[in-house]
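Starting off with a structure, shown below.
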């Protein structure tokens, strides 16, 4: 059998924590930008303007049909040229982190768009008609009547997608960014403690995601009453 | 008040409304009836622009629905609509439902809107439920709130799209009573309904539609005593049996 | 931008002097991804359906066992699972088994490891989909089967599973599409699949954009073929008039 060296794990904790912070940063940025952009995309897809709907549909379809690994590699490839120029980032920022922010945000937006679109469609045309009949504009009806109901309905799905996002951040391995997982692998390579590191990381993800999933189940049980 | 001139509408190749013309004068109560699929819901929805139309014209309170100057939102706020499935906003309280459009469209303050809402709830007999949520109320209660919500915008006319069709039989009368009070109070009303008892009580005119065409359009008494078309006679014999 | 586009690079001979073109490399990567995807579909479906059925059996031991299995494979990131299979499992196994694994050629090691990992990962998700599909069938169907004298096993075999199979086709389609996307993770342990070839091409040529576009197109082709295939399956098994079957 294998021997787990707790001493090695403990001594690696500070570095692992720094990696975990990176994972959490990416998750948070992608979550916020992803949901906002996702709302926008969902509304565009449902809009009566054909060109806008087509653009939104193309965006969602493309991002949902390529592996996240490729998306990360793409943005890491084109990041030096575009990101620094477009976003006026300070020259000392880690390009890998910036490209990861952009890649994950745009990628997750496509998934959130589909979840939110399903939520909006579940609200039903009658509610839209009722809002319009009162004299509210289309945007007002969307803002005050449709979206609040849609988001309420899909909140468990949004949280589930966020848990998937948290796990997916581990893929920044392919661009060499030192998140929680990559940091653990790096330490393992350096100290020869690969097995301990991998098992520890697995256990951490299991604990965190397991707890979050249990919370989602509670949420779902509450709202279905 | 409401003028419908030769309105025609197509869904693709299928014509749902063919050259429909009628009018509702101020203070008049017009009942629109007919078999299902006759286009009566579609017709009434053209009056506040929830359904578009390709031919003809609709004029409400002097404004044409297709006019370039017409502000559709403003026009809709002047015409109240009550839907078959109530369509209260489930995430807002009853008072919230009544206040939303007053605040966002008419620019009233929250206090003003709430006070007005309470007055309307009293009119429909539901003051005690002001802070409840729609799904906590029965169907009949929800529909009465829906009527109050439409009235909260101080409309010049009210449209009813089969307001009692989705209600259990024992709740139909509480809603009809509110509508009768409204009619007797002088409100201009256009109602799509199967409730011939209501029509006999308060309607001024009855419009009978079949397959997207207005077949009959006459005084209530004339219609019930001497329907001119065989289709209307057939319809009446089926409906009045209940 | 001073980038020089050259699509011809894809068809030029490789710099290593092997005698193949870069397109051959891409094709080889494409083939590896395709084979890995297909094998995973088979493995994951067999395991997933079996587990899914057990998940619905009203036996507490079954429920706990399958829920735990699903929880483990759904709460740990795929790449962590892959590394566990590749680095940790050979060490845990008894030395005879471990040595046997290490006697494989490197490519076979990478492939076998990726296949096992991807299959088990996907099987947990298919298990949940099978469970939802069976739960979606009204309990009256189950009762009716028992009432005419079928055993529990027969009710599953002749009533629940056939209908469940139709219900599951849409979510299964998106799961199958996910398999080919997830296969890209195998590049991290060295499997020469499609996304790994993208990186090889970038290393050997200066034409990263062409390489990446070609690889991205490759993935989109696989996804498109998957969706078309599953749509044929759905048409073939459609039950006339059933709720999910819209003309």
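Order as written gives the chain letters A, B and C; numbering starts at 1 within each chain.
Definition applied: contacts are C-beta pairs under 8 Å (C-beta built on N, C-alpha and C of every residue); 3 or more make two chains touch, one makes a residue touch a chain.
Owing to the predicted nature of the structure, the values given are computational and were not obtained by experimental measurement.
Taken together, the touching pairs link the chains end to end in a line with two free ends.
Among the remaining chains, the Cα-based centre furthest from that of chain B is the centre of C. Chain centres defined as mean CA positions place A nearest to the mean of all protein CA atoms. Averaging Cα coordinates per chain places chain A and chain C 22 Å apart.
Centroids built from CA atoms put chain B at 46 Å from chain A. In this assembly, the C-alpha centroid of chain B lies 55 Å from the C-alpha centroid of chain C. Those residues of chain B lying in contact with chain A across their complex are 45, 48-50, 73-81, 83, 85, 87-91, 100-101, 104-106, 149-150, 153.
Every residue of chain A that touches chain C in the complex is listed here, in rising order: 1-2, 62, 65-70, 73-74, 77, 81, 167-168, 170-171, 173-174, 181, 185, 194-195, 198-199, 201-202, 205-206, 209-210, 213. Those residues of chain A whose C-beta lies close enough to touch chain B in the complex are 126-127, 129-137, 140, 144-145, 148-149, 152. Those residues of chain C that touch chain A in the complex are listed here as 1, 71-72, 74-81, 83-84, 87-88, 91-92, 177, 180-185, 187-188, 195, 198-199, 202, 208-209, 212, 215-216, 219-220, 223-224.
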